[in-house]
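What follows is a pair of complexes built around subunit A, which joins subunit B in one and subunit C in the other.
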Partner chain A sequence: MELVSLFIGLTFVNNVVLSKFYAVCPLLGVSKKPKNALNMGYAVTFVIVIASIVTHILYHFVLVPLEITYLDLITFILVIASLVQFVEMFLKKTSPEIYKSMGVYLPLITTNCAVLGVALDNISANYNLIEATVAGLAVSVGFTIVIYLFATIRERLEIANVPESFKGTPIALITAGIMACALAGIAGLV
Partner chain B sequence: MNISAIVALAVIGAALGIVLGIANKYLVVEEDNRITEVNAMLPGANCGGCGFPGCSGFAAALVEGEAKKVSGCVVSNQETREKIVTYLNETPGPDGNTVKVTI
Partner chain C sequence: MNLWAIVWLALLIAIFIGTYIWNKKTPQPEGCEDMSECSGCHNIACTHHSAHHEEEIKDEY
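Let's turn to the complex of A and B:
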């Protein structure tokens, strides 16, 4: 039951994108087409879930015993960069089309602050391994939902009558802001 | 304490590197290396006289069977053309078949 409320809390109430404002770069960069947005969501989900598990193990079984927890940032980045490299190779091999459609935003998952943010939040919240995994999954599901919804709204905005000076990124930023307002409505849920 | 930090980071880095190296072996994208070979044999003028985008485009067209005559490359001399024809007629690709081209 605790895990369920942790999941709901991190997916919707404390959504990484709309309440913590992590990962806004891919949110704006890969949300032109809903399909690309979903692919981005899957890639990020894979990276975040595996990264939460690996960083948790590394932190508690390597960094803490050796008393070198001040190295957490650089260790986590190493893990994340390797995972992203792996995803890149995997996509290049299995579906070159997705690989091409994601372009530079695929390697940029390395610098996606949601990934590092989850790893660090897991440590500071003192989660155990299962909680850390669930937290990683919840955050990435939240990210995928938001980027997909955002992409569908942006697709609709393409044909909307937007004032000249608001076309493109400005209206996208306003949309993200309104989405964040809407999400704040369920702030007290969990 | 500093030593343990250096060692730990080096070990973690090496372990991740090994994992990536193994993954790279299984996930390597096989490219037809005949294209690079033929490209090296072509004059490299990139003049576009063959109707393909540059020498690498012509090399890909030859290997993939889109172009049948090496003389489509107007800059190449007789010697180069014969070399490419024998190379392509004798070297099988990843699927085991050779490409039939003429001068």
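Let's turn to the complex of A and C:
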């Protein structure tokens, strides 16, 4: 039950995009078309879940025993960057179809701060391995839902009668703010 | 300065360089050769931005 509430809490109530403003760059940049937004969401889900597991294991089984926990930030950055390279290479060799569907969004995940943010949050929240994995999955599902909804709203805004000075990024940021307010409305759920 | 910290950092950097070179040497699957171009955002510093690819096309001619 705790895992379910953790999942719902991180997916909807404490959504990292709308409550902590992680990954705003891909949210604004890759949300022009719903299909691209979904592909980005899939790629982010894949990497965040694996990164949550790997960083948790490295922190507790390498950094803590060697008393070098102050290197957690640089370790996680390098691990995530290496992981993305490895996943890209693995998909090229084994699953060209998945590689093709993820496209250019896979290498761009290296610069997605949500991946690093989740890894650091898992450590600071002192989650065990299962909780860290569920947290990673919940955050990435929340990201995918938000970026897809945001892309569909932006698609409709393209044909809406928006004042000239609000067109583009300003109306996108206002939309993100309203979405954040809407999600804050279910804060009492968990 | 903890010696393990230096060893650990060197190991991580070596792993990153290794995976980067390994990935670059892996051939692209068929139909994915021109996938490095992205028009998702306006960050011209990104190597995937279409502006860099326009320069490559000009160089070819």
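Simple rule for what comes next: the second predicted complex is superposed on the first by the 168 of 190 C-alpha atoms of A that agree within 3 Å, B and C clash if a C-alpha of one lies under 4 Å from a C-alpha of the other, contacts with A are read in each partner's own complex, and residues count from 1 in each chain.
Just so it is clear, a residue touches a chain if its C-beta (ideal position, glycine included) is under 8 Å from a C-beta of that chain, and two chains touch if they have at least 3 such contacts.
Not measured: the values here are computed from a predicted model.
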Subunit B versus subunit C as contact partner of A:K92, first or second or both or neither: both
Greater subunit A contact set [subunit C / subunit B]: C
First (subunit B), second (subunit C), both or neither touched by A:V62: both
Contacts of A:I123 with subunit B and subunit C, given as first, second, both or neither: neither
Partner chain(s) touched by A:S82 [first = subunit B, second = subunit C, both, neither]: both
Partner chain in contact with A:I74 - subunit B first, subunit C second, else both or neither: both
Contacts of A:K32 with subunit B and subunit C, given as first, second, both or neither: second
Subunit C-contacting residues of subunit A that also contact subunit B: 62-63, 66-68, 71, 74-75, 78-79, 82, 85-86, 89, 92-93
In the complex, subunit A residues that touch subunit B: 58, 62-63, 66-68, 71, 74-75, 78-79, 82, 85-86, 89-90, 92-93
Sites on subunit A touched by subunit C in the complex: 25-26, 28-30, 32, 36, 62-63, 66-68, 71, 74-75, 78-79, 81-82, 85-86, 88-89, 92-93, 96, 99-100, 103-105, 107-108
Subunit A contact footprint on subunit C (complex, rising order): 2, 4-5, 8-9, 12-13, 15-16, 19-20, 22-23, 26-32, 35-38, 40-43, 46, 48
Residues of subunit B defined as touching subunit A within the complex: 1, 4-5, 8-9, 12-13, 16-17, 19-20, 23-24, 27-29
